[in-house]
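Presented below are the structures under discussion, each in the form of structure tokens.
Each of the two complexes below includes subunit A, the first together with subunit B, the second together with subunit C.
On to the complex of A and B.
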């Protein structure tokens, strides 16, 4: 029957995937968008349409901007430092011949650790009372530091841990990129008498640019929505020092029973992500 | 003949003893279930219960066969770790797929749960003489705070308390003796004692929660100073009135005498601090008590003592907490579910649980002489004294969100060594209260 009416076989065959996508992707997204314009103030059973009220509440809240600044600092800090470290290590690995496989394995280990486990482990290492890091600092005469409990040190500390976890990711991509580069341009540069610094500046860097862009974009997306490490270590505190948008969205949805506010933050983050990605893709295409 | 005389002698002696100790026998919880209701009336039915992993549940489960024998009702139990439990239950209720008849509940969520109609009103069962024998069940036997928990979300009872805990003062008697200090009875004495200990001994004076749940112990401070968080009746925020401010100041001053890293400390951390001897005093939930003398977890066993919560200008008003159980309004066998709730919260069962160390929200259990054999006299007296005047927090629909605002302000003030911005907190709270009233 169906075939006679003219539904082509390819469409029929992709139907299961389409249905799955509708269930797990389109439906929740549309539901979240609708939720942004509703209030559950009188019960989740009877949500009320409130127009842009939720957005107004959010934009007039000082904390929203503070959380935004934290998100920005975390993303830039984590991506920037892990890029520099990852790139440096990739260049080092690329320039040695002996024991590469050993170093590669060792450097990549942190990425294999589940972020929640990494968070809990670091939490123990950095504990101001029992932490081993403060113990070693004490041996050389440095007072114990409140790594994650001091309001000024908490954000740098979580950035440090995120860098520890994700530098291997940068290393992996950039190292693969370096390995793929053709040998000929280097030989030409060598004949022209370029120093190693010059050959890096004028040969390696331009050739590697697309790879760098991909690594930074992927890493940036991850850092922008990084939740596990921040939540397991500081839960957004002390004060609001490490509260990023995603942590706030979680708190709103699952701690404060305000699904609509969580949805609003989520949608804003989605829009920012789409805009930034489009911009970067355009730059790459040029 | 000789044997006869012996038997009479024994009988007389027993009667004499019974007469002498008649009063103390009377204070005992009777061990029979009421015969005024027909426990077997729903025999053959089945109920599903969901528990969060907790000492109450661990000790209740072995008693469930007693209930099954008494009523002929079959009980199926499922349990989850607390964090998972607190996420799953509201999520399933929101989605309308929550399939259990009876479940454990925390009173902070009560306003939300009653508004969403996620909990069954229980008055109709409690007032039904076919289901409940009021003289035997004795609702008035629950502590006042515990009875308040039952109706905090609405005008009706939607939950029955199952445990009781309150803030008490736990202290190192060896250190206080060594320094010649007396046990603090007021907040000023507490602060002075903690300061002296910190100066003279290489140990923190006190341990207090400074992390996400700092609002919990702080409520005892605020109320004892005569302040309040929220006036629920008048829908008014009270956090910036002078008494509340003084109490928050006192809390921050005490935080300065805690071990380092206080902005992240929660229940587990303050337990660790006192049990490993890193702090000399502890002003939090009485639940810790059973751990103090347990050499497996305590390095300070034998050195600890307990006193009632300290007094402020408005008296001794500690914060208390009660876990409770509720019924799902979609339960299939509601009467059977009620019999289970009634049984689990009865004096008889509560006493059996109390003997295992689970503190009861019922006054009569604390008076029972068998219970007196399990816990030290000091402990029972201190907790009972505290529970008499203890209060519960003014939970409302957006309670956790409001507490988070207070938490951030206190942590910021503590970190910057500045005054907490309680006027700012007050402004935000009042706006939220107004929004809630308007149904936003």
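On to the complex of A and C.
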């Protein structure tokens, strides 16, 4: 279909997006790749080509692996827990006969909360001295916990907050998935004498798999680069207990003015992201 | 029958307890925002107290708060208008045409949302600095394309797919050009979808933090950055003030999420699930 004379319509409508991609994606990404091989010393002056020096510095740095482990634990912990909770709640919601829309409205609220505000609010709740969580624990005879100040507690605490904010995401998607399932397979399973556990195992779960995949992968990619909550609550501390790759990259770039180190960590994260992303585009396109 | 009823009651109890846990932080920040500075850090915590409005009055008069509100508004509106203008046409292309490279562009658009923002932030600082865009509305609005382009394109694609091709063909037969058919026939049909997309984009822009934190400082300061710099880092915190500011900052997001809940699943999955 030609748009009179000149550029065919589809290309004309695609042009703005391509220009935008060049400005906000391709150009900066290439720039970042080049930065990985440069050094600017303390951040001023002209960049000098240093080969693989930046990578060497990073890969011989023990904390980098600690950051990687934190990233992995945060991602798996947050996605895993929010998936289990979200799926459980979706099944519950799918099985009750009234009040669904009220519960749904309450459950989606955390998605709308500004993550920075969520972090600040939880900071109050988790405060060792004045926080109400320790107060409630005290009522049942448990000693106050250093939620965000104890090295062992800090990572689970930020995971808990991320779970609070994003379980609704899992819940919503999986509930929508459950609603779309056809009725016939269940009737067939019932006739064949399947228990409710069996019909879940052999009917619900397999049918829901593509939707579970979408929910888990999208959530996983977000958790992998989650910044706001960790930054507002612990800034990566205490020590480096909650410092993930993205927090480290931010600190390197803006606290210590080693922009090239931020670029190196960013590119490593990007490569991991692309490997995952390539797979889901096919699912979405369907 | 009795057993079934018992199970049903149990389900509601579990759901209600969960709902309370979900609401707890929100109710707490709301109640804190009406407390005076002693009640806010009282130990044991005060659940009953004399409510006051001074936190809200102080917040509005607080240095920089209203400016931050304005900055958030300008950046969010600017970035959604720009992104809708760029992304909507391509959402239409994805739903109607096929040509070589289309899938690749679709993938790159999705990756703008998936990529760790630090990858582009570091170069942005350098590039923006060279063009005088650092710490400006325009710079942050450009970066805002990354926040919402994937959402706009893929969500609009889903809405365009919902319009039967026959309607468009009928308009073509009536003598419309393709572009006129799009403007006069298709766009009115998907306007609810366009509104939902705009609202969800606004929400994400409004809550966006890392770009604003890294690319702006003195001239432009959005609400999340304002909140994070004013209320983080010292122990003796003004919890009443923090809470009032937090409530005001997050209220638009809460209203919007309720307003578009019908389209939320579609938005969060980039159109993959209705």
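Keep this in mind: the second predicted complex is superposed on the first by the 255 of 286 C-alpha atoms of A that agree within 3 Å, B and C clash if a C-alpha of one lies under 4 Å from a C-alpha of the other, contacts with A are read in each partner's own complex, and residues count from 1 in each chain.
In this text, a residue touches a chain if its C-beta (ideal position, glycine included) is under 8 Å from a C-beta of that chain, and two chains touch if they have at least 3 such contacts.
This one's a predicted model, so the numbers in the text were calculated from it and none came from an experiment.
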- Message: If we overlay the two complexes on their shared chain A, which of subunit B and subunit C does A:169 touch? Say first, second, both or neither.
- Response: second
- Task: Go through the superposed model and pick first if A:227 touches only subunit B, second if only subunit C, both, or neither.
- Result: second
- First (subunit B), second (subunit C), both or neither: which does A:254 touch? both
- Query: What is the contact status of A:129 with respect to subunit B (first) and subunit C (second): first, second, both, or neither?
  - Reply: both
- For A:21, select first, second, both or neither according to whether it touches subunit B, subunit C, the two together, or no partner. second
- Task: Determine, under the contact definition given at the top, whether A:7 touches first (subunit B), second (subunit C), both, or neither.
- Result: neither
- Query: Which holds for A:111: it touches subunit B only (first), subunit C only (second), both, or neither?
  - Reply: second
- Message: Which partner chains sit in contact with A:52 here, subunit B, subunit C, both or neither? Use first/second/both/neither.
- Response: neither
- Note on the structure: Winner on subunit A touched-residue count between subunit B and subunit C: chain C
- Item | Residues of subunit A that lie at the interface with subunit B and also at the interface with subunit C | 129, 235, 254, 259
- Item | Residue ranges of subunit A in contact with subunit C within the complex | 1, 3-4, 9-11, 13-14, 16-18, 20-21, 23-25, 27-29, 31-32, 35, 89, 92-93, 95-97, 99, 103-118, 120-125, 129-130, 132, 135, 164, 168-169, 172-173, 176-177, 180, 211, 214-215, 218, 221, 224-225, 227-228, 231-232, 235, 245-246, 249-250, 253-254, 259, 262-263, 265-267, 269-270, 273-274, 276-278, 280-281, 283-286
- Message: So in the complex, the part of subunit B that touches subunit A is made up of which residues?
- Response: 87, 90, 94, 112, 115-117, 211-212, 259-264, 273, 278, 397-398, 400-401, 404, 407-409, 411-412, 414-416, 435-436, 439-440
- Considering the complex alone, what residue numbers of subunit C touch subunit A? 8, 11-12, 14-15, 18-19, 21-26, 28-29, 32, 41-45, 85-87, 89-90, 92-93, 96-97, 99, 102-103, 105-112, 114-127, 142-143, 145-146, 149, 153-154, 177-179, 203, 206-207, 209-210, 213-214, 223-224, 227-228, 231-232, 239, 242-243, 246, 249-250, 253-258, 261, 264-265, 268-274
- Residue positions on subunit A within touch of subunit B in the complex are 39, 41-45, 48, 50, 53, 127-129, 144, 146, 148-152, 234-235, 237-240, 251-252, 254-259
